[in-house]
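Each in structure tokens, the structures are laid out below.
In the two assemblies presented below, subunit A is common to both, partnered first by subunit B and then by subunit C.
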Partner chain A sequence: MEPKVLPSLQSGSSLAVSAKKRRKWNVDHWLSFAFILPSVIAVAVFVYGFIAWSGYVSLSNWNSLVPDLSFAGLKNYLFLFKDFRFQADLRNTLFFTLFFILAVLFMGLMLAVFLDQKIRGESLFRNIFFFPMALSFVVTGVIWQWLLNPATGVNLFLKKIGLDSLWYTSVTVIPGIQWSKIQFGVPVAVIAVVIAAAWQMTGFSVAMYLAGLRAIPEEIREAARMDGAGEFQIYRKIIFPMVAPITVSVVIIMAHISLKIFDLIYAMTGPGANFVTDVPGVYMFETTFRGNYYANGAAISIIMLLSVAIFIVPYLISSRKGES
Partner chain B sequence: MKKKALLFIALAFTLLLSACSQSSSSDDTNNKKNSGKLEIFSWWTGAGEEDGLKALIKLFKEKNPDIPVENAAVAGGAGTNAKAVLASRMQGNDPPATFQVHGGAELNDGWVAADKMEPLNDLYDKEKWNDKFPKQLIDMVSKDGKIYSVPVDIHRGNVLWYNKKVFADNNLQAPKTLDEFFKVADKLKAKGITPLALGDKEPWTATMIFENILLGTLGNEDYQKLWTGDLKFDDPKVKKAAESFKKMLSYVNDDHSSRNWQDASQLVAKGDAAMNIMGDWAKGYFVNDLKLKVNEDFGWVATPGSEGQFMIITDTFGLPKGVKNTKDVKQFLSLLGSVEGQDAFNPLKGSIPARTDADESKYDEYGKQTMKEFKEAKLAPSLAHGSAAPEGFVTKANQAVNIFVTQKNVGQLIDSLNQASSELKK
Partner chain C sequence: MAIRTVSRTVLYLLLIALSLFYLMPVYVMLITSLKPLDQISLSEMWQLPHSLDLSSYQLAFEKLAPNFMNSIYLVIPATLLSALLGSLNGYVLSKWKFRGSDWIFTALLFGMFIPYQSILIPLIQFLREAGLYNTIPGLIFVHVVYGIPITTLMFRNFYASIPEEMIESAKIDGAGIFKIYQHIIIPLSITGFVVVGIWQFTNIWNEFLFAVTITTSSQQPIMVALQNLSGSQIVQWNVQMAGALLAALPTLLVYIFLGKFFVKGLLAGSVKG
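== the complex of A and B ==
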């Protein structure tokens, strides 16, 4: 970078480094290279190769059982953005992601703070909070479907006390502003899915926040107390800012789960009446493997990939910067 | 140095392992192809249908003890998951030895059009089947004079099931026309009973109601013309059918979108709802799962306006291209098409045989009546089950119906179907 400063030392050290490098390449590097080579090839072919293939298919005319790979331009994408179902999917994904992440963050932080109070039976509670993480989304979906169904479970109690038990199958969108072909707003039925998803994933954010809280040295709290800060103030002014980086990680991880969600919806509500609980993953599955619209399906997948990339790429860039 | 040596050994070992696993896996596939396991692919995993399949396989094993059979059934209602698995296997040139496919467009515009099926005319000639199956049925599994699959069972799609006790308690007769249906439904509604049970968590159940109204309103010929493109969806008769569909939807249970078809059948079984429109696999569910008695606890009539017509759903099996053990597959198909095979399978599944010369005494009251009507009635292919139109159209029709059930906008439904009808000419 600055060659004029201490030229002899600079060149000498760089020589030493390159010599070292060369020596390493001879044995260790070749060896480690050989070890990672199979997975590099596998990832290159089965991840990036197929992403590229999907991208190519999404620009083709392949919308039947017979492959037709002629170039179609952006036809499939234009179709999707004009399609009622896909517009509904985008709306549902947006609000599902928003509420799901907020619920996971809020509940996770609250429960982590609760566990951090050195309460009795902490490990029991910790296990209870983490346990749902061990289940698959399909199991969660089936159970919550039974719990929230209008004909069984929780809603029977609601009915007894005279409350509306049909919110689970509601087709209402609040506030329901007409936007292109759909009504834009929060679909009421999505709340059921948010409850189930948050129930399952909150354990993860509890674990992350708890680790963060435990990493804060007791001295800092003591010092704050000495300065006359109340417990609430300590959390608001000191603890929460210190666990903020964890929030970023949790948001990224939850966002990529919720943007790609399929299994929970498929097991729990399906596309829903008027597609109020449909998501791109379900649409992609049905249109590709039931309707044989391979190019449309590929276009949906690429849009899903891009939507996840919006979250992941800045995160990767910033974490790389942090390393160097 | 020692560490390095260890690493080398480890590397050599992993390479060796991967080489081994590769060779062993290729050995496996070779073995599979050589031994010619007869892989039977279906979505028969439910009560009744699984028993039927097992009975068939048992019969086949008795006759051909040297052919190994593999039951490759994939679970999931109406074949939703199985069809996805099948599609990827066929695209990857790894077809099962034989697979379940609905006769009609699903076979002809799907796999036959994609050039994935072998014709079976020689088998039909050899077994003298050409006059054993109804001609209309053979036409459903043929394209350009070539026959591509063997029908094993017949289901009827235009059946209205009703709770006999509810009808008797309210002095009602099962409705035969749409007008009668609405009269009966109004009376039931006034008594606080849900007139029509619907479970459209999977939208094809609502599509079935619509196709039945279409058949009842248009009549057989015009109904069939819809799928060849000779009658447009903006025809006034189609609009009239859509209006009736809309009216019928005002009599369904509130929580329909959280139920599947079994849940809807349960409403009728319990007497919470009076009627249900479903294919006659619902009879299997009533009898096998809910232990109801045929014609005592529940009764049936053709859906309003469709008397004398038979909405047909037929499960057939064919021979995919690229299968090595062709002979064994044909052996199995011979059994499927035989009276013996059909009578082993159908009484257990609750369907009726595709052959018209099967043994009637093996079937229950519903089966006997349906077998008789199958011989006399005019056949109509089902849209919801892929017999009338290609899967691409069916998927779009299901989406349009799913939107319609909520929005009840007739114009929009007609527009969507019209737009999707470009798929029909493929």
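== the complex of A and C ==
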């Protein structure tokens, strides 16, 4: 982009200055490349180059401690899609992602609307809903493992009202239709992990929605009230449509978090009995670094990458276009 | 007016109930960590401890202190370096745009969304070759490199709010790329550095995947050590909760004192700034 010269300063007397400036600009132009070059090279190698290398490993025979990079074709991928554990992972990821996003959206929008009612102590409430985001997923996992322990925790209350849940130790899959090697349906144990994850991440959607609500000018609400609209109508007809684009952002950010989730589940439940809480992130880690099945692990990681890219690439391209 | 009072009351009651739900884990963590092991019975889980017992903190501290220090040695240089790099990149990509610079920016951004599993196997091979495997400097390097996208994004969005006219008039006065950075950008970047610094500090402190795959035993950061606490045969819940609190304390304190900037970073990180 050519530097924009302010019109008032572009008078004839400054021709010499302008020539000097142009030369200077050229030098600076090259310097600006030099500034970002290290980062560009680093990302090119460590992100794109390494992804390509992982892709290559996923097509190789390297399934032992000794690297064997001979070409194996799609063998590892075919193995995974026939593998009980990986099939369970796909099922768990599907339902985890679905429930996690719904919980974060619902709770986030509700809390943001509550907080937007000019209430007293707003910043205190806001901080209570936000602080879990400053915690590590490992800490969250450790705490909720204790809270949702089938023998203790919230079950002490639930038992009093006649409910009793095994939480993350349950192996029940509802409805459990036989599909390939696994029972397809919602694994009850996943619900426990969803609660912990939503507890931690709701603050993100509250912050996003609240920022969106605050950006709506008060005049719009006033005008609607003048026209006789009730508060519920104002939200339903005017405000919710205006914050809809935020929902898209929240869904994409949450989807990419949930598709690559590892630490929360590793710390809280692990793979679980019958792999009811296993996810690709955990499988990849265990099979690669505990089992030395490097090619299988690489194949899992490439599938994870592709699943994230489906959401992220269109998002990045559209926000790129929206800017220019 | 009566309807309004009722609905306000319901609103506050709902907010208080939800707040209690969000605070419940902290309550349980605190009371459990303050109990001796023999009081961690099922029936007493929700009750306050009979007397304060700090022995679990002592035990957790003994076990976690070296790893806590590892995390400190990791997080401070990694945060500073990645903030500096992000500032330079953000400056060029917002104020010295060239043909294709926006596409370079988008290509960089992709790096912050990838599952790190997809670069982990080559990364570990690389770190072994470079002699950085199982070292804190190795982890610092990793966090700086993979922090480039997010820090660049935050600074680029931040610098977009610095008026173009300021840069232009400095150019007319003969200032070059360095001078403008030094005299205009840096002094206006204080908030940017605080936001990015807090963001990177929190993320690197809390990070687990790189930590658990790149380091072993004595080099491990705090989160891996915390996870290992629960791996032992008999789970001592009081020690584990005390450990969780110790591990969470630095980021919690940062949140309590600088929460405003943390939330700014959160919103800046969602691409559309």
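Just so it is clear, the second predicted complex is superposed on the first by the 292 of 324 C-alpha atoms of A that agree within 3 Å, B and C clash if a C-alpha of one lies under 4 Å from a C-alpha of the other, contacts with A are read in each partner's own complex, and residues count from 1 in each chain.
Convention: a contact is a pair of C-beta atoms (placed from the backbone, for glycine too) under 8 Å apart; a residue touches a chain by one contact, two chains touch by 3 or more.
Keep in mind that what you see is a predicted model, and the values were worked out from it rather than measured.
Visitor: Contacts for A:Ala151 in the overlay, against subunit B (first) and subunit C (second): which applies, first, second, both or neither?
Guide: Both partners.
Visitor: For A:Gly291, is the partner it touches subunit B (first), subunit C (second), both, or none of the two (neither)?
Guide: First partner only, subunit B.
Visitor: Touching A:Ser319 in the superposition: subunit B (first), subunit C (second), both, neither?
Guide: second
Visitor: Applying the document's definition of touch, where does A:Tyr168 land relative to subunit B and subunit C: first, second, both, or neither?
Guide: A:Tyr168 sits against subunit B, while subunit C stays out of touch.
Visitor: Considering only the touch criterion stated at the top, classify A:Leu31 as touching first (subunit B), second (subunit C), both, or neither.
Guide: After superposing on A, A:Leu31 lies in contact with both subunit B and subunit C.
Visitor: Taking the superposition on A as described, I'd like to know which of subunit B and subunit C A:Ala215 touches: first, second, both or neither.
Guide: neither
Visitor: Is A:Pro271 in contact with subunit B, with subunit C, with both, or with neither (first, second, both, neither)?
Guide: first
Visitor: Looking at subunit A, does subunit B or subunit C touch a larger number of its residues?
Guide: C
Visitor: Kindly classify A:Leu78 by the partners it touches after superposition: subunit B alone (first), subunit C alone (second), both, or neither?
Guide: neither
Visitor: Residue overlap on subunit A between the subunit B contact set and the subunit C contact set?
Guide: Common to the two interfaces on subunit A: residues 27-28, 31, 35, 38, 145, 151, 285, 289.
Visitor: Quick one: in the complex, what on subunit A touches subunit B?
Guide: Residues in contact with subunit B: 27-28, 31, 34-35, 38, 63-67, 84-85, 145, 149-151, 166, 168-169, 171, 269-275, 285-287, 289-293.
Visitor: What does subunit B use to touch subunit A in their complex?
Guide: Against subunit A, the touching part of subunit B is residues 4, 7-8, 11, 14, 18, 80, 83-84, 87-88, 90-91, 110-111, 113-116, 200-203, 254-259, 263, 390-392, 394-396, 399, 402-403, 405-407, 426.
Visitor: Which residues of subunit A touch subunit C in their complex?
Guide: Counting only subunit A, the residues touching subunit C are 1, 3-6, 9, 17, 20-21, 24-25, 27-29, 31-33, 35-36, 38-40, 42-43, 46-51, 53-54, 57, 111, 114-115, 117, 119, 125, 127-140, 142-147, 151-153, 156, 199, 204, 207-208, 211, 249, 253, 256, 259-260, 262-263, 266-267, 280-281, 284-285, 288-289, 294, 297-298, 300-302, 304-305, 308, 312-313, 315-317, 319-320, 322-324.
Visitor: Flag every residue of subunit C that touches subunit A in the complex, lowest number first.
Guide: Subunit C reaches subunit A through residues 11-12, 14-15, 18-19, 22-25, 28-29, 32, 42-43, 45-46, 85, 88-89, 91-93, 96-99, 102-104, 106-111, 113-123, 126, 145-146, 148-149, 152, 164-165, 168-169, 171-172, 174, 176-178, 202, 205-209, 212-213, 223, 226-227, 230, 237, 240-241, 243-244, 247-248, 251-252, 254-256, 259, 262-263, 266-267, 270-272.
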